[in-house]
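In order of appearance the chains are A, B, C and D, and numbering begins at 1 in each one.
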Amino acid sequence: MPQLKPAAPPSRSHAQDLFAQTRAMTARLAQPLAPEDMMLQSMEDASPAKWHLAHTTWFFEEFILKPHAQGYRSPDERFAFLFNSYYVQAGPRHARARRGLVSRPGVRAVLDYRAHVDEALGTLLEHSDNPDVAALAELGCHHEMQHQELLVTDLLHAFSYNPLLPAYRDPEPVGVTEERPLRFARHEGGLVEVGHEGGGFSYDCEGPRHRVWLDPYEIAERPVTNREWIAFMEAGGYGEQTLWLMEGWAVRERERWDAPLYWWQQDDVWWTYTLREPQPVNLDAPVCHVSYYEAEAFARWAGGRLPSEAEWEVAFRDRPIAGNFLEQGALRPLPGGSPWGDVWEWTASSFSPYPGFRPPEGAIGEYNGKFMVNQHVLRGGSCATPAAQMRPTYRNFFYPHQRWQMMGLRLARDV
Amino acid sequence: MPQLKPAAPPSRSHAQDLFAQTRAMTARLAQPLAPEDMMLQSMEDASPAKWHLAHTTWFFEEFILKPHAQGYRSPDERFAFLFNSYYVQAGPRHARARRGLVSRPGVRAVLDYRAHVDEALGTLLEHSDNPDVAALAELGCHHEMQHQELLVTDLLHAFSYNPLLPAYRDPEPVGVTEERPLRFARHEGGLVEVGHEGGGFSYDCEGPRHRVWLDPYEIAERPVTNREWIAFMEAGGYGEQTLWLMEGWAVRERERWDAPLYWWQQDDVWWTYTLREPQPVNLDAPVCHVSYYEAEAFARWAGGRLPSEAEWEVAFRDRPIAGNFLEQGALRPLPGGSPWGDVWEWTASSFSPYPGFRPPEGAIGEYNGKFMVNQHVLRGGSCATPAAQMRPTYRNFFYPHQRWQMMGLRLARDV
Amino acid sequence: MPQLKPAAPPSRSHAQDLFAQTRAMTARLAQPLAPEDMMLQSMEDASPAKWHLAHTTWFFEEFILKPHAQGYRSPDERFAFLFNSYYVQAGPRHARARRGLVSRPGVRAVLDYRAHVDEALGTLLEHSDNPDVAALAELGCHHEMQHQELLVTDLLHAFSYNPLLPAYRDPEPVGVTEERPLRFARHEGGLVEVGHEGGGFSYDCEGPRHRVWLDPYEIAERPVTNREWIAFMEAGGYGEQTLWLMEGWAVRERERWDAPLYWWQQDDVWWTYTLREPQPVNLDAPVCHVSYYEAEAFARWAGGRLPSEAEWEVAFRDRPIAGNFLEQGALRPLPGGSPWGDVWEWTASSFSPYPGFRPPEGAIGEYNGKFMVNQHVLRGGSCATPAAQMRPTYRNFFYPHQRWQMMGLRLARDV
Amino acid sequence: MPQLKPAAPPSRSHAQDLFAQTRAMTARLAQPLAPEDMMLQSMEDASPAKWHLAHTTWFFEEFILKPHAQGYRSPDERFAFLFNSYYVQAGPRHARARRGLVSRPGVRAVLDYRAHVDEALGTLLEHSDNPDVAALAELGCHHEMQHQELLVTDLLHAFSYNPLLPAYRDPEPVGVTEERPLRFARHEGGLVEVGHEGGGFSYDCEGPRHRVWLDPYEIAERPVTNREWIAFMEAGGYGEQTLWLMEGWAVRERERWDAPLYWWQQDDVWWTYTLREPQPVNLDAPVCHVSYYEAEAFARWAGGRLPSEAEWEVAFRDRPIAGNFLEQGALRPLPGGSPWGDVWEWTASSFSPYPGFRPPEGAIGEYNGKFMVNQHVLRGGSCATPAAQMRPTYRNFFYPHQRWQMMGLRLARDV
């Protein structure tokens, strides 16, 4: 049975509220989608919306209801096989690349499954005094928020293969804007502490809090913009091999990258496909859908570098949380300089365990630890991230070639 | 504009009846499917049911309504791109492997498209005296019948990736039966004529009728049964390399074939997945879902060979057409010895042009001709084939490694 | 033990002479090669020269010396594993794709192996009265001749990956020549007999002799020339999809073919790499290094078609054998119109068993039979083919995408 | 022109001695190889011995002779294309995967090339006062030492594909030994300095020296042994998914790893293929030829972890350099506990730039910097590493799936 020992378990009422809000938000995200849309799986990295709806539900069932709700019965025992993602200790599971080949149970049955679990978990939260239940419910909600983000980014990816380029939500054009100069803030570094500690939710990999030495550095006050990215492109950045990591160049050649994902040029104007329709690239919005390889090459070209995750965290730890998040519904980066949000920011740091890291016992311990190789940390949060996921210690991670998330970058430099 | 000059164009009323029946049959086949089911594409060779519904409709629109129905307007000009399969001369088209990534237009919109074309074509057939219109409508109906067969076989393939193994139609068990002995019929051969000629519909590749020399031969009176196939398996046929073509053996090793597609063993009993549910293999039904490579190896093991397509045609040309077809709804081979149907039968013949073959001008000429390499001819028809497709001259063709169609074999031998 | 029953076994002295000449010719072909050259394996279809030297030797050892030469001892029992190509019944064998990774035994040891077998077989031929021995020796010589051809064509392929484009033999330029008009010869066809019969060597797949019906046809008096091929290229033949088989087009796109293999353009002149150095394409030499797909598309563009193998055989059966063969040493097609040689000619016929074909018992029966799927027959012989291989019934066979042999085409047309 | 500014350039006489010794050592390593052996390239990661001989020579020519030796003429200008490895700024280059397809220039010509460059560089070193020349010569020698190691490890890999498993040098059995207990040494950590500084050679990526915070830790006094590895295997470590990183498990499944590379079991004894012949695994020698994934899983199973590269460096920085190196000729790890050598040790650290890292200008700057993604740092040195490469700050790096180098591990643990 999974053991989870957060520093301070959430109160029952917090868990109840969070659960209600999170589940409702997922339903809202699915609302514009037809059953046909919910079947789409455009690559192994992405999953159908229907699967996201079911998997997040299974998570509550598997890790809370089955161990803690006496007499709980699943509507279908086979869902555990269909909707487990990668938890080895929770039993065998369906092949990830074939999630899009499961038409039955259909959308209706999955929504019934959600309702069934909502009710059972509501009851359990109401009556259980076990602090693990509240803590696991909070984890399940944050897990579901991660899948909310994936649901919309996976959808964008899948829709991009439809020659009709459908809109997920009504079009909402962005006008032309004015360039904002790039400023850097200086930090003195020294022996700092990073990582999560104390109250509030965090994932296991955000701790333990530990000491890191930082030399003095500067970090940009806003992410790199499309205007700057186009300057890179026009300067031949995609064709200049010396700017690139060896491996990045090979991927670039193989994939024939010459612009961010979802971009194309039409009559000398760069366009991009978004969840709110194809639209001309706004020059002052943060650049989005670039890989680590591209981000790293851009930084070299610009005479800077990517920040380490510790540098980033120190720079953000006192910044009030406000910006362009999932709840706002813009669903693409906007010009204007949100303090948070718009895009995830690639850092120079590999995703590795912090000193002293120990994953929790049991299947829950598979949540982050087993991904700690070959991925890079992104910090911040994007226009597809729920606000409740924004915190300075959050470590998102993806492979350096991946571009389908809302990924951008922020420059740093040595002093 | 495509030119089609059948020997004798069908009468208007024949075309009208055929059109009404064919379209209704397709609708009937789609009836048990939810929108989610209609999205499934499990491999590049197969297509989603929704795509079959739309593509067959586009065929009528593109080749009849656009050139012949004055003032005809498509509900959406972009459907031509989405639903063209491989007709280069009909313009560019969507990538075949990505048909499953098109969720919009949805099922509802596709059904509306069907209704729109049904009405327009009904009107045209009623009022046009152009014999090409009736001839093309007949071709379009036979084309749609081919897709009816594909719709159900593609569905079986896609469903087989669902761990729940759903049933397309209600289960219908088959009892245990008695073995029927294998008898051969002798034919004297000589200088025979094969290929289509005269009245009735045929595809271009079935002609011209031409002379072929045949040595005397014998051909089995029924297809190879599951009982015989299991004997082959138990004799180690899948492991005895000398029985196999070099290339077949390589495929067998790579794919780890040790039984027909959709078979598995459970408590010493062989089971198979069918459109009517998983069921124990009936020993006296024709073996189904075997590749050319397997069929050829079996024939060698059994001391026979596959018939040439001319040998097959001569043996079948006077046989009354009756058996287990799509309309019957069994949807899997049955024991008992249908004269026709149950399974397509692999022949030893490559799919090549008959002497003097000239495809028609225009896009319609792409129907068969451009596939004439590396495929093998199958003759007969299966439990998923509409009755109207059964005729002695029909040349079906697939690659030697393919198994997802209802494919079996019949033995021949030299005298 | 392999059983081979040629119609008339060769005389002892014929076998002795043939053996001596064949082995000497192979040695002559290897003479210009350094040990480094003999290691090259540029693809799985090709083999290192060193392997050809050893494998042809193993063939004599395995099929003649081991069963027939009492007391014969192999210099190394492990050679049977290393140098068996694909004879399942002769035991396990090294992976084909890794022949180039065997540096030891080195060239010196392989030449010693050849000498060892030469001596043992010489002795056996001298003293044995078993007609199988002479017949198998003849087969082994013809087998070795096939590998002589492969040795030079594999070498050309491997050398083509060396940026320095080395010459196998001294350069020998070909001057500019005059165009020769294309003439066709008419044949009446009818019920003809084809296939080998009677005296002289042939492979098993060349028989049995059998009847075939041919409609009247015309066949070109010379192969297609480079001049004609360039006209096809300049007319956009490589870009016009309607000329191509579906599968051929896909290969063309994937491989980015826009000219025959080994061709490139430099200052408006087409060049080709040959075993005698890179040289400008001679316009009146037969086109070479084209795939079946290209040949078939060309024929369609030219308003003709490829001949069937029976049509080809009937047209060539009384033609005296003279032309540009391996012994001549030109090693590339020459202008001027050899009656035979220069290039192998793709036919429209799949490589299938002739009616009544039965391969011999034992491993020797694997020689041709197990390749009878998905390959096309080529007829004639090339500038890399030993003269003794030229005969009207010879059936060479390759996959439709292959181009590294000396492959061209000859047009036919219906009357 | 490359700029290299080592802290203190080496003296002329040091450079001369080092050059003479290094070049002689390479020749000695090549001595047991036939030309055939020198052609072998068994995978893209590895190169033929002949290429190593030529490439290291090109390095001196390209970076020293061409810019600094007035009037220097290359024996063949095309060698720059053939023997450049990955230096974009030094011009275009031959495809890495096809190095094994270059038979000409042959071994003789490459040895002549070496002699030509030896003489020219000898003269230049004798007469030039440019400190860059001595510094680059030193770099070129260290570069050649890296290729000495690759030459033997690439050879082992290539030979392993030869079913005869040839020996590079005479067999030299290792007897049975006694188990040595595993002891850990404690380090207090704190704010330490790591990275190279001051005199002596180092690569650019070993600096700048910088501060790192380390918590107290323990590190094993010897690498993990074969005895311990077999215990892991016998405990089911290769089959227990929860021990593995997600990605490592996927590689393990795909590659079917169940033991280190080059191991097999025979009559209950584990054997391994080495450069000195196949031999039974010595239980007390360090385990070798394991990937990062395997090392990481082993450490988890053993209740420890891999050290970070800083932890490793602190633990080794005062250790006298002695052990089992390339010069000794053992060519495989030996029992007995060398303080250095035997195997490279995987660390937990990704290969990333140290804070403030700036590669030198020009092509020389491509030496290490462009590989800084997705690779892991290994520390120490192996039985195939020249002694002069052993130093506490050396950062070797490979991909986590790679096994063909002499790779092992050492355990660490938190206090």
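Heads up, the rule we're going with is that a contact is a pair of C-beta atoms (placed from the backbone, for glycine too) under 8 Å apart; a residue touches a chain by one contact, two chains touch by 3 or more.
Which chain is which protein? Per UniProt: A, B, C, D = Ergothioneine biosynthesis protein EgtB.
For clarity, every value in this text was computed on a predicted model and none was experimentally measured.
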{"item": "Steps needed, at minimum, to go from subunit A to subunit C via contacts", "value": "2"}
{"item": "Identity of the chain that, by mean CA position, is farthest from subunit B", "value": "D"}
{"item": "For subunit B paired with subunit C, centre-to-centre distance based on mean C-alpha positions, whole Å", "value": "38"}
{"item": "Distance between chain centroids, defined by C-alpha means - subunit C, subunit D (Å)", "value": "46"}
{"item": "Averaged-CA centre spacing for the pair subunit D and subunit B, given as whole angstrom", "value": "59"}
{"item": "Two or more partner chains touched - positions in subunit C", "value": "none"}
{"item": "Listing of all chain pairs that touch each other, if any do", "value": "A-B, A-D, B-C, C-D"}
{"item": "Interfacial residue positions of subunit A with respect to subunit B in the complex", "value": "34-40, 42, 50, 78, 81-82, 94, 98, 100-107, 158-159, 161-164, 166"}
{"item": "Contact footprint of subunit B on subunit C as seen in their complex", "value": "86, 88-89, 191, 210-213, 215, 241-242, 244-248, 292-293, 296, 348-350, 352-353, 355-356, 366, 370-374, 400, 414"}
